[in-house]
Amino acid sequence: MGILSPYTLTAPSTAVVTGYQLLADGTLLPHLLASAGRAYTGLFLGVTVGVVLALLSGLTRSGEALIDGVVQIKRAVPTLALVPLVIIWLGIGEAMKIFLIFTAVLVPVYINTHAALRGIDIGHVELARTLGLTRSEFIRKVALPGALPGFFVSLRLAVTLCWTALVVLELINTQTGIGYLMNRARDWGQTDVIVVGIFIYAILGLVSDALVRLIEARMLAYRRVLGT
Amino acid sequence: MGILSPYTLTAPSTAVVTGYQLLADGTLLPHLLASAGRAYTGLFLGVTVGVVLALLSGLTRSGEALIDGVVQIKRAVPTLALVPLVIIWLGIGEAMKIFLIFTAVLVPVYINTHAALRGIDIGHVELARTLGLTRSEFIRKVALPGALPGFFVSLRLAVTLCWTALVVLELINTQTGIGYLMNRARDWGQTDVIVVGIFIYAILGLVSDALVRLIEARMLAYRRVLGT
Amino acid sequence: ALTEDPDTTLAVADQSELVRNLLDASGEASKLGFKGSFPNFAGGPAILEAMRAGALDIAYVGDTPPIQARAAGTLLPIVGTFTRKVAQYRLTSRPGLVIHKLAELKGKKLSYVEGSGRQVFLIEALNRAGVSLKDVELVNLRVADLPDAIRSGAVDVAVLTEPHITRLVKQVGASPVLDPLERQILPSTSYFYARPEVLAEPGKAAAIGSFLGAFARAAKWANANRQAWAKYYYTDFQRITPDDTAAIIAGESPLEMQTAAEAIPHHQKLIDILYQAGSLKERFDAQTSFVDTYDSIVSAER
Amino acid sequence: MTIHAPSFGPVSLRNLSRGFGQKTILNDITLDIPRGQFVALLGESGSGKTTLLRALAGLDDDAVTQGDFRTPRNTSVLFQDARLLPWMSVIDNLTLGLRRSDAKVAASAMLDSVGLGDKADVWPATLSGGQKQRAALARSLLRQPELLLADEPFGALDALTRMRMHGLLFRLVERRKPTVVLVTHDVDEALLLSDRILVLKDGRIAEDHQVALPHPRSTGHPTFVELRQTLLRSLGVETNLV
Amino acid sequence: MTIHAPSFGPVSLRNLSRGFGQKTILNDITLDIPRGQFVALLGESGSGKTTLLRALAGLDDDAVTQGDFRTPRNTSVLFQDARLLPWMSVIDNLTLGLRRSDAKVAASAMLDSVGLGDKADVWPATLSGGQKQRAALARSLLRQPELLLADEPFGALDALTRMRMHGLLFRLVERRKPTVVLVTHDVDEALLLSDRILVLKDGRIAEDHQVALPHPRSTGHPTFVELRQTLLRSLGVETNLV
């Protein structure tokens, strides 16, 4: 960032001071919590529904016919064009924002998990069949564990997506949130606050990603792969 | 969409008429081509660089140390916050737009391909070692084919991402592009044009996805997996 | 004639949280005779979408959104108008370029934010200078990117507001257009428009009256207590430095409420400018965009 | 192809043909295996032993199949590769889908029997080749199937371990009398264990021998030696060399 | 652990120990294999045969290792699983990393030798168990290695095919004289092919026999029969039963 004039983007050192002030005077935390509430509710819903849809679509023909096209269309249409629709359905409150994050998160979770399910070794499926596993046993013991590596990749995408998707949404009817703070800072040219925001996103991104990879490493400890 | 008042979102039938008119009077095509040029240039760059970075980071320790953190931060920071930076570096012309699409596409390509590389069966790596493969042979014959399933998942994400990322960018210094058309329609409340845009995105999304899956099915024909 | 009900709810779309702060700072907020909510938005299009969805009752918007809504086939009647004589917009040139006469805009790269008040301001500036739209290079940009476009010299002239103008002048040597005529191009006008259904509901219609009264009083307070208002809103709430706050206040003329009759001519002018620029397919009659229901309240309270 | 509903009772094949693409692997096979019979299936590598076994297991739906067959409902398959799920401990692999209240206890006991008592809680990836095969054997035997389809279950075992596993299998067969189809490439193994030996050649059952020897069998018994010679010759091996 | 730079010449191990986690698998093994010797490695399932072979191949860097060893530079490894890359045709698997101008021709000829002439262009997943094993054998033999480390390369083959593969391996050994370490669970195989037989037990080389018999060998030769008895006994098998 050295090549930037300090006016375009504040020097990191100044931003640290600003960040500390915002923290100390209690401004930052409520915004952070507000955003976190939205982001993680959306994340939770998106991950849950994404996995369920991936299971329905990956393991049943009728599920695939019903679900896959809809998800493909959803992800092809920019959020901008969805906002008016969702406002009609859910109003301009929190529900609308969480819904849009939920659908944004759903996309990579669905695509990755679905592909991972489709990529399960046929040998394991044959085994499940000959062992007479029930549908539920098959899902819990074979399909989900087999799709876990793909699911974790999508989770890594999702944990940052839920935050970045929020920036645009926190333009609509909100007085809280990091996105709101960033947008307001842009309106008034407060580059130090923008840099604080970038720092927050970067830290959140690195920490969430590291966390997911930690859980991943534990849950996939059985694997004998290049990355271990 | 039956429950929507025509003010909010035009009925699909009206949109078809509008779409036909836009096509017939030659309005639509130049916008579509302008967007396609940007989207696919960004896609091409993002996919290429994403794969190269994934290889560097997935197969070398120093590469991982250098690259991985930067990509994590990039993807954690919303594009909105990057725009001012990129404007300063690249101006407000096409380069800026293509650069931002390129970085947007790079993220899923990198994450998925990197994870796929990391997930390559250690048995195949051992084989490569005992066969005395060169680095380049290892990459071409073992690493890349092994990571191909993960790469294709990311390609599916990328082919629609390059279009949706464009919407926000076609607000900046352009009078062409589907995103420009959508934004202007939004300013002027032309819901029929918005629905035409949604149709275009949906069709593009379904067609690109189908295309990628077709190529995928051919290139992964050797696999004996659930989805075949 | 209109009776107020304290249980009536009124959703007023706000921008930059100006309305809410003005009511709070002036003490009017606590005296509202209804349950008001002030959802904050960024820009007219999102407000129009929320209006059409029925999520809002009335909205605080800039000068072009009512025209855009009407062009889209949704007539949202204007219930209140307030204006500042001297525009908050300023034509500002990039570092290394000083423009002394509006006529010098000819052949320059000008920022163009389609469908916004800045577009109208620019067109009128060119009209005043006798320069045709064809003789300049228009660069579509988002409002948020304008300062950086000037800073990096990506455009020659942009329509900016404070505190960006003062800041760019100080930091990189940008310059406002020096032509005295530039300060007379257009006033800054904003509107409250309403969903027609709301006007037909007696309770809400009464609440709107009460709100407009409160807003007029709040505006009067702000005009009379410029420093207090500036500190409350810009310095304390928006966290703008005292220097920048001073810059904003320095160029700002007082907030004036207008009746429909007073507001119609200017509104017609806006329509005409947009029509001339080709942004409007048909030339509306400004008269039919207004309702005069609340003129008496405005006259009494301003 | 018609697959009759699985039934309790014997295995029967009627004019079963199966191939991949253009190539026919199994060619019009008709075969009856009475309930409780222990059948060994011999044949050259690539002759179609696994293909036949998988057909009986109801797998490979995508293969080109004609004719029909009937198998008992409760069938257990021992694949040629051990096919343990890598994300489960060895004991969890054994109890997977096992409908017994004492699943865990029984699995532990079975692991002891196959000499893997100390490997219950490790990942399958850390087992040796022969240990994987034994774990798969343990999983199959635990099911107490009516029909056991086993595809070279002892291929990776040394002589001693193999004898122990023979003994284990044999004791269970004695006790529960399942029908067994055992694919093997070892003529001695077939002779030691089975009631009947089939040789698969050119897609058909080329030979069908009853092994009327009492148990425990000795490799020195004249009938044993004679049958061994016959089988090796029919498998193309010059017997005087081996 | 120190691994001396690979050298041309013999294989030598000095006090090599290796284990996983707490458990020691190889315990202080010292061993010299002269250049060109054909060594068979016997041992119970799980005794550490694969572990030893993989150590010599320079694999399992993460295992707890002590001592050092020296192997020739040009080593070829035949894994216990066939380990063909699923995304390449069989012939491409054979030529992978092969530095010979006539790679394709040589690979074709080798495929013919292992009886897979018609399988050159199919995916490995469509091969039978024994066919996979033969493809892996072909890949290893093509390399013309100085040291061949083979982990039960004939385990999935029927008697006839196995004899053919023995013959193929033996001809190549005669011609090129590589050093060979062959892990097997088949005592007869070891006796038929090798110059020297090692028995691995409790992490040590428990027995070390020279096999001074001329080729081709006959199973009836008295020395053969005697050594067979000795080996089976040391592997724990009651010889009169088999």
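Going by the order they are written in, the chains are A, B, C, D and E; count residues from 1 in each one.
Assume contacts are C-beta pairs under 8 Å (C-beta built on N, C-alpha and C of every residue); 3 or more make two chains touch, one makes a residue touch a chain.
Only a predicted model underlies this, so the values are computations on that prediction, with no experimental measurement involved.
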Request  = Show which chains lie in contact with subunit C and also with subunit D.
outcome  = A
Inquiry  = For this structure, I'd like the pair of chains sharing the most C-beta contacts.
reply    = A-B
Note = Averaging C-alpha coordinates per chain, one finds the centres of subunit B and subunit C separated by a number of Å equal to 38
Ask   = Using mean CA coordinates as chain centres, what's the subunit A-subunit D distance in Å?
value = 49
Key: Rounded Å distance, subunit C centre to subunit E centre (Cα mean)   = 84
Distance between the centres, which are taken as Cα means, of subunit E and subunit A, whole angstrom = 50
Query = Can you list the residues of subunit C that touch 2 or more other chains?
reply = 49, 52-53, 144, 148, 151
Key: Residues of subunit A touching at least two other chains   = 8, 84, 88, 123, 183, 186, 223-224
Two or more partner chains touched - positions in subunit D = 81
Request  = Kindly provide every pair of chains that touch.
outcome  = A-B, A-C, A-D, B-C, B-E, D-E
Inquiry  = List the residues on subunit C that touch subunit B in their complex, please.
reply    = 44-45, 48-49, 52-53, 68-69, 71-74, 114-116, 139-142, 144-145, 148-149, 151-152, 154-155, 279
Ask   = Of all residues in subunit E, which touch subunit D in the complex?
value = 20, 42-46, 50, 80-81, 115, 126, 128-131, 134, 151-152, 155-163, 185-188, 216, 218-219, 232, 235-237, 241-242
Ask   = Can you list the residues on subunit D that touch subunit A in the complex?
value = 57-59, 75-77, 79, 81, 83, 85-88, 96-97, 123-125, 143
Task = Spell out the residues on subunit B that touch subunit A in their complex, using ranges where they run on.
result = 4, 8-9, 58-59, 69, 72-73, 75-81, 84-85, 88, 107-108, 111-112, 115, 117-123, 125, 149-150, 152-153, 156-157, 160, 163-164, 167-168, 179, 182-183, 186, 191, 194, 197-198, 201-202, 204-206, 208-209, 223-228
Inquiry  = Help me check something: in the complex, which residues belonging to subunit B touch subunit C?
reply    = 5, 7-8, 83-84, 87-88, 91-92, 171-175, 180, 184, 186-191
